[in-house]
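Just dropping this structure here.
All chains are identified by letter, namely A, B, C, D and E, in their written order; residue positions are counted from 1 within each chain.
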Amino acid sequence: MEKPDEKLGEGFLSSLNDFVPPWLDLRSTLSTGFFLLAGFIAALVVGWILFPMILYSKQPQPINFNHAVHIDEESGIEGETETEKCLYCHEFREDGSFAGIPKIDKCIECHDDPESSIGETLEEKEFLQNYVAEEKEVSWFSYYRQPDCVYFSHIAHVNMGKQECFVCHGDHGKSEKIPVYQQNRLTGYSINIWGKRLSGWKTNTWDRMKMDDCAECHTKTGHEENNACFVCHK
Amino acid sequence: MTPFSFEWQWNIEYLIFFGLLYTALSIVGGGLTFVAIKTCLQLMGFMRERHFH
Amino acid sequence: MQMKRRNFIKFLVGGVAGIQLTPLPWKFTDDVAIWTQNWPWVPVPPVGAVTKEKTVCSLCRGACGIEVRKIDNRAVKIEGRSDYPVNPGGICPLGMGGLQLLYNESIRFTSPMKRVGPRGSGVFMDISWDEALDILSGRISKLRKKGHPEALAAIDGNPNESTMALMVERLLKAVGSPNYVSMPSVGDTCSMVNYLQQGTGEMMAYDLENADCILSFGSGLLEGWGSPGRVLNAWGLWHDAHAKEKAVIIQVEARASNTASKADFWITPKPGTEAALALGIAHVLIKDRLCNVSFIENYCFGYHDWKSLDGQEHKGFKSMVLDEYSPQQVAGITGLQADKIKSLAHEFGKAKAPIAICGKGKGSLNGSLYEFMAIQSLNALVGNINKPGGVLVHEAMPLSDLQKLKNDQISLRGLKKQRLDQAGTSKYPFTNSLINNFLDAILKRHQSPVDTLLVFKANPVFTLPDTTACYKALKKIPFIVSFSPFKDETALMADLILPDHTYLEKMDDLVCPPGLQYPFYGLTKSVVDPVYNTENTGDAIIRLAKKIGGSVAESFQWPEYEDVLKTRASGLYSNGKGLVGYDASHPVWKMQKAGNRAAPDYSTFEEMWEAIKTGGFWFTAKHNYQNYSSIFKTPSKKFEFFSLRIKSAIDIAAKQKPLKKVLKDLGVAKNADEACMPHYSKDESSQDSTEYPLFMMPYEMINLASEWAPNPPFSNKTLLDNQLRNDESFTDINPQTAKANDLKQGDRVIIKSLAGRIKVRVNITEGAMPGIVYLPLGFGHTAYDEFLKGKGVNPNDIITTNRDPVSGQIVWWNTAVKLIKV
Amino acid sequence: MDSPILPEGVKRCSLTTFLILLLPCFALLAWGGLSAVLCLWKGLNQTNMSNVFAFALWIVFDLAVIALGAGAFFTGFLTYIIDRKELKNIINAAVIIGFICYSGAMAMLGIDIGQPIRGWFIYWHANIHSMLVEVSFCIGCYLIVLIIEFVPIIFENRKLNEIKPIRLIGHNLHEIMAVFAATGAFLSFFHQGSLGGMFGVLYGRPFAAREGFYIWPWTFFLFILSAIACGPCFTILCTKLTEFISGKKLVPDNAIQTLAKISGWLLSFYIVLKIIDTLGWIYGVVPRAGMTFMDFYREGPYGVWLVVCEILICGVIPAVMLMIPRIRQNGTWLVVAGILNCTGIVINRFVFIVVTLAIPVMPFDRFWSYVPTWQEWGIGLAVLGYGVLVYALSYRYLPVFPKEKELNIIT
Amino acid sequence: MKKDHGHVGKKYGMVIDLDKCTGCGTCMTACAAENNVSVRKDESDKERSITWIQLYQISNGKKFPDTRYSYFPRPCMHCDEDGRGGHHPSCVSVCVASATKLDPHTGIVSQIYTRCIGCRYCQAACPFDARYFNWWDAYFPKEKGLERYLSPDVSPRMRGVIEKCSFCHHRLMRAKNQAYAEGRREIEEHEYITACTEACPVQAITFGDLNNPKHKVHELIQLPTAFRLLERLNTKPKVYYLSTKDWVRRLADNYRPGEFKRLSKGS
């Protein structure tokens, strides 16, 4: 009980006592305050720093993909608009469904010769060697895959709704390095869907892709009828 | 549900229902806060505690 | 101490307050909720590109067109297809559930296997295809070396007309065994009737869609008879609210089946007396002049009494019917009212295009020869043969023959041995194979005359009446090889498994679906890559033959099975009338009636073959109506009420033994003249009425697979809980029967016959005829997985097999039984 | 052994005896705990509920328990709002019983729903048209209120009361208890009514359905009435049972008599309305649905005896008994009347739930039967065990009955 | 019915011709296959097995040989708002978590499995027993590999939630996607039909927009033989039945003595 520094503190306290009204029990108030605050701060650390670290697993993509190079004005995919360029690889099938991350066949359309690379990066050579040459699919992690219960029609948004890709995907299409894939251990959601900003504040449309965000946009753009449950749920 | 939820509708039914709910919750919450503050003040000696018995 | 605890509590209070201001509690609450929405053990079907593959369903012989929806290489749904002639869009519930047979690993063989456990235990060991074929070819070669090639036998469930059946038969012949036994089917009886009465051994071709009166003798039009997709579609046409003239459907059946319930008239003769009813109707048709006199007089034989070349007087159909089958007499036999028979005959006789159709239930099991003849005679009486809306007569499918067999000395000697089943002898002069005789022959001898049995697309241990006998016989056979892709009861008894692909993984042909009114050739294809290490049995046979070597290998010179199919199909091309494309707005039955003039939609054989491979079908809608002077190939060149072929068979046999003995061997109870005509005679088994006062009728349901293919689990959803409850199936009995046996709804009861006993529960229903005990076919599997195994009982277990006269086929529709309350 | 924490000046049995007496409760809780684990781990297939009997034993328990727990809010209402001073002697018991009933019901609901982890969706994604949402909100809030009402009683424990902050919180809470009691009364009022509405609005189920006026305010008030008619009786029964077991007089007669009298009048009022309601239903809703009264009482175990039992034997008779002072002043008759009263309301809740679902509406549908599994009984009875345990602990360690000392002077 | 940009909203509905229906069960199988409905070992436990469309066998109750059976295929009725009292469908108004809703633009009653908390109040509310609770987790054991036929169009359900017929809503979305790919906003009548409609081998089921006079269903529901189940409960089903048989029609609702009006003179 009797620790030296506490004694020291006691001396300090007693000197302080001169300045406070006599009915205020300074010692017990301060000690109570100290422990309350300690608990409070510890909780903040746990909640804001430790918890997210534990919650998300990190998986690097099997190989880097440079989006910027592929849509480069000079050397990249040709196209009048950005959307058109995106759609070159992330295409629509005939039935209107969205192909998502392209299969290796799509890559081979351009990178047809495993021996000769188009660019000069080491990554491309590696890609040609490991995947193109063997016609092996790259096991990409998808940052934007919605859970199984969600039906999302890209064509309705891109072709009919004239939405730009960045509205939901941000500047992913201009990135030179694809980020590490972070997955929520509990839900299996990618951090890009919900988790980038734990505070819940959202500054960009692509910060979060939960149901409320979809609905918010539908409402804003006058498509409230698309907030009917079955439009997005299956 | 709060008025910030997209499912919220600004109509009379919602206002009555959630109005009553939040009123009840605020009364309860208010009562608890009152007791908490009062207790704190009493503990710190700002207020005299009344004695029962 | 006190202080510490209090401080800790303060710390906790601060922590609890603080944690509220972090995302932890809120996100955690949300995330665990999301976790429940994405439970890792709930499957997530992978997304992918949607494609659709067209093929033909071959779960039964119906050959309905199907379209398989795929996600990448995964089949996810089977749908009917509308660009297909047989079934415009609809299929049956079993076909709909086909993917559960493709993807259910617990009911499939995933690789060739050899038995390691005791027989029937289902314990096998994976082996390679080469090893498996080596084992079998070694065994066959050994038999041949020993000079007993006939000890190789095959039970084949492939339809007689199919290329696979030819392949199997060819293999046996090449090896040198006559013992090729096919599973009985209604086709056997139909083609026998057509052979005897019309001279061609073709299938019945009913122009149902154009008919306006259907008199069905127990045919389960709604229970899966014929091509289910086609017949059900016809049913829809008949009942279309917009149709100008609705067809009248008359169902003759002793049970309120769906067909009977939905028919316009439901007639309930005692089971087994249908022939008498048909002849009773014939009596009224003749007497009330409702016959087509010109057809009868010009194109029929044996209607009137006649005199043979040897001067002997013979009774004709007319006088036999008039003498013995008056409505009153028939009423006595069938238990119907005479007036009802009369009005029924008038309904039939006055229709413009009436058809009397035969084939009980799904029509997968054989029928009774004389009954079918009597029914076909009705069609002849009203002259509705080879006319639109009638029974059409076709030439054989224009498929090419395979190259001639090469036989060495061993095989020639083997082929000279008598068939074990005595088919084709004077006892069964018109029958191709008799599986029950075959099994009897094995049972009777001390040592099995069959050394190696090959089983193709058949599950006799389950589907044959009197399963116990079958099981015993199979147990005696030293070596059984199953080519089944499924772990069926028979396959579990096998020593070697050479698993076939399932129908969605293989190419095979389907020829002439039962009842269809136009020549049709269907081709299945591999819509998904084979899921397991299986092989098309056609290819396996070719490889096997090559391994056996010698003349056997020479008989199978094709590189692969598709070449065999192509060889056969080349005849379709040279026939020059067929179409491989189809426009749903011109159904074949309309095209045919309108006198189709369309030229073939291909110009070379290769083009035709490719079109068949993608589309899955070839058909011809050109038909030569009437043309009576040349279609009948009987000795009299006419439709024969009195079959001269039976007569000559009797005459020939009578040269060696007394006529009485001949008739007795044939199983005919009447005199020699009547033996040549359709007639009714009381069944032998119906005599033991004190010990076994009731009759058991097995029946078939459209939503319960009762043939070789197992039941897809989806169908279990469609079964009512008074058909199956937990693991118990029900017997339908009339309240009267229930009362007489002191039974209440749901009671458990033992049904006992001479062949065995089974335990079921009782469903009391007015849909059952008093005195009859009904049991559905398709329950009571002892193989497969929990969706099928041990559910209900198999009526085949207690069927006492009698023999149908002349054909020698099994009589499965009236087993004398008794009920014992449990 | 635990004497320092027992209330002052009262006699309690030894801790060992106490624990032995509570053994059945622990057994029930263990049984219930096992059942709960099974139901949560494996799912509701552990029960015999089905697509036909979507609501079953647990909901019957829930509704019954909530009706019986109505004593808390109603006594609170009488004590704090109407200011019936004599009821202060029984209010603690009423609050504890209420707390037990509501928390038990909530716990049972937590297991009853298929996705307990998503239970908060009711609050977050509420469909305000659903009566069950109203019920959940009110029960949820009211449970908070009950906890607030219960806490000062706990804080009155001798040992706890020595700690200053706790004592202060307890006192301060007590001081503004009227506010909470009023809120509680308001909330309970709504959910008791909504519970009736919950079934009245099932217009696809003619057995339960009421229309227009007959849902609001009729059924609504009918349910409130029935709850406040039996709640006080249940409180009386519980105190009587405590008195019987402890062999002491705990509550002055005037408190009991006030409650019994009010209960009697409310019950008689309720029963009159219920009879009118039944007649209105027989001649209104039922024929409109194309059915007859007897269609609902023909099948299986559901005969007309249910109606007779609910309205006559367990309605009219206890109502009359409780209204006549001479009868209700007799301890035995009071208990009999109380039991009948509570039974009647429980039957009413049972009928509203099980018969509603058991009677097929489609003419070609058939009757199904339902027998609960041991898991269902386990959880239902665990609430009983939990209740007895909490009540016994409270009685032992807390000054539940303020007059106990006065009425039982230890000599 | 809601006006949407000046034109009447869609109201998808179904007409089932009971005289044509043969009780074959293909609709049930097709539905289960289309919608990833789990099949359990014991499907004879009808109280707990899941059948979004269910065949009810009915009988005219007469003695042999006058007995007749017929069938009522019963999908979800997709009840509508009541014009009179403004009811929502009986299940929708009771759902606590807004997991089931009536879409005014299609008339389809949705069921969101991930929202459902499994309270089963909607089951209690539905007089047609069209709602099914997942008493077990979906049964697709790994060793069987049956999950390989699952369609990605419909999300498999977890245990503890309600599921029901959705009028194959995903087929509507599929048709819309196809239309969008072809640059159309509207879809044709034949482009969106349910799996059961498509599968019915006797064409007893017709599906379409009840509000659209060009659709066949619109014409069929005007027929004198058209009726609905339990019409007097006023749940406004969007599933209609056709039958000329009085005994069948009589079983569609609870009639009091003398109340039923015969359509034909015969039985």
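One rule holds for everything that comes next: contacts are C-beta pairs under 8 Å (C-beta built on N, C-alpha and C of every residue); 3 or more make two chains touch, one makes a residue touch a chain.
All values derive from a computational prediction rather than experimental measurement.
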Neighbouring chains shared between subunit B and subunit C, ordered by label: A, D
Chain whose mean Cα position lies farthest from subunit E: B
Chain separated most widely from subunit D, comparing mean CA positions: C
Innermost chain by mean C-alpha position: E
By count of C-beta pairs in contact, the leading pair of chains: C-E
Whole-Å gap separating subunit B and subunit E, where each centre is the average of the chain's CA atoms: 47
Averaged-CA centre spacing for the pair subunit E and subunit A, given as whole angstrom: 40
Whole-Å separation of chain centres (CA-atom averages), subunit C against subunit D: 64
Numbers and ranges of subunit D residues touching at least 2 other chains: 115, 118, 121, 125-126, 129
Of all residues in subunit A, the ones touching two or more other chains: 93, 95, 97, 147-149
Junction residues of subunit C - those touching two or more other chains: 32, 35-37, 44-45, 47
Every chain pair in contact, whichever chains are involved: A-B, A-C, A-E, B-D, C-D, C-E, D-E
Of subunit C, residues touching subunit E in the complex: 36-37, 39, 41-48, 69, 71, 74-80, 87, 89-94, 96-97, 99-100, 102-106, 222, 228-229, 232-233, 235-236, 239-241, 256, 258-259, 261-262, 266, 268, 702-703, 712-721, 724-727, 734, 765-770, 785-787
Interface residues, subunit D side, partner subunit E - complex: 43-45, 49-55, 112-116, 118-119, 121-122, 125-127, 129-133, 136, 198, 201-206, 212, 287-292, 295, 356-357, 361-365, 368
Of subunit B, residues touching subunit A in the complex: 5-7, 44-46
Complex contact set, residues of subunit D against subunit C: 115, 117-118, 120-121
In the complex with subunit A, residue positions of subunit C that touch it: 3, 7-8, 10-19, 21-25, 27-28, 31-32, 34-35, 37-38, 40, 44-45, 47, 49-50
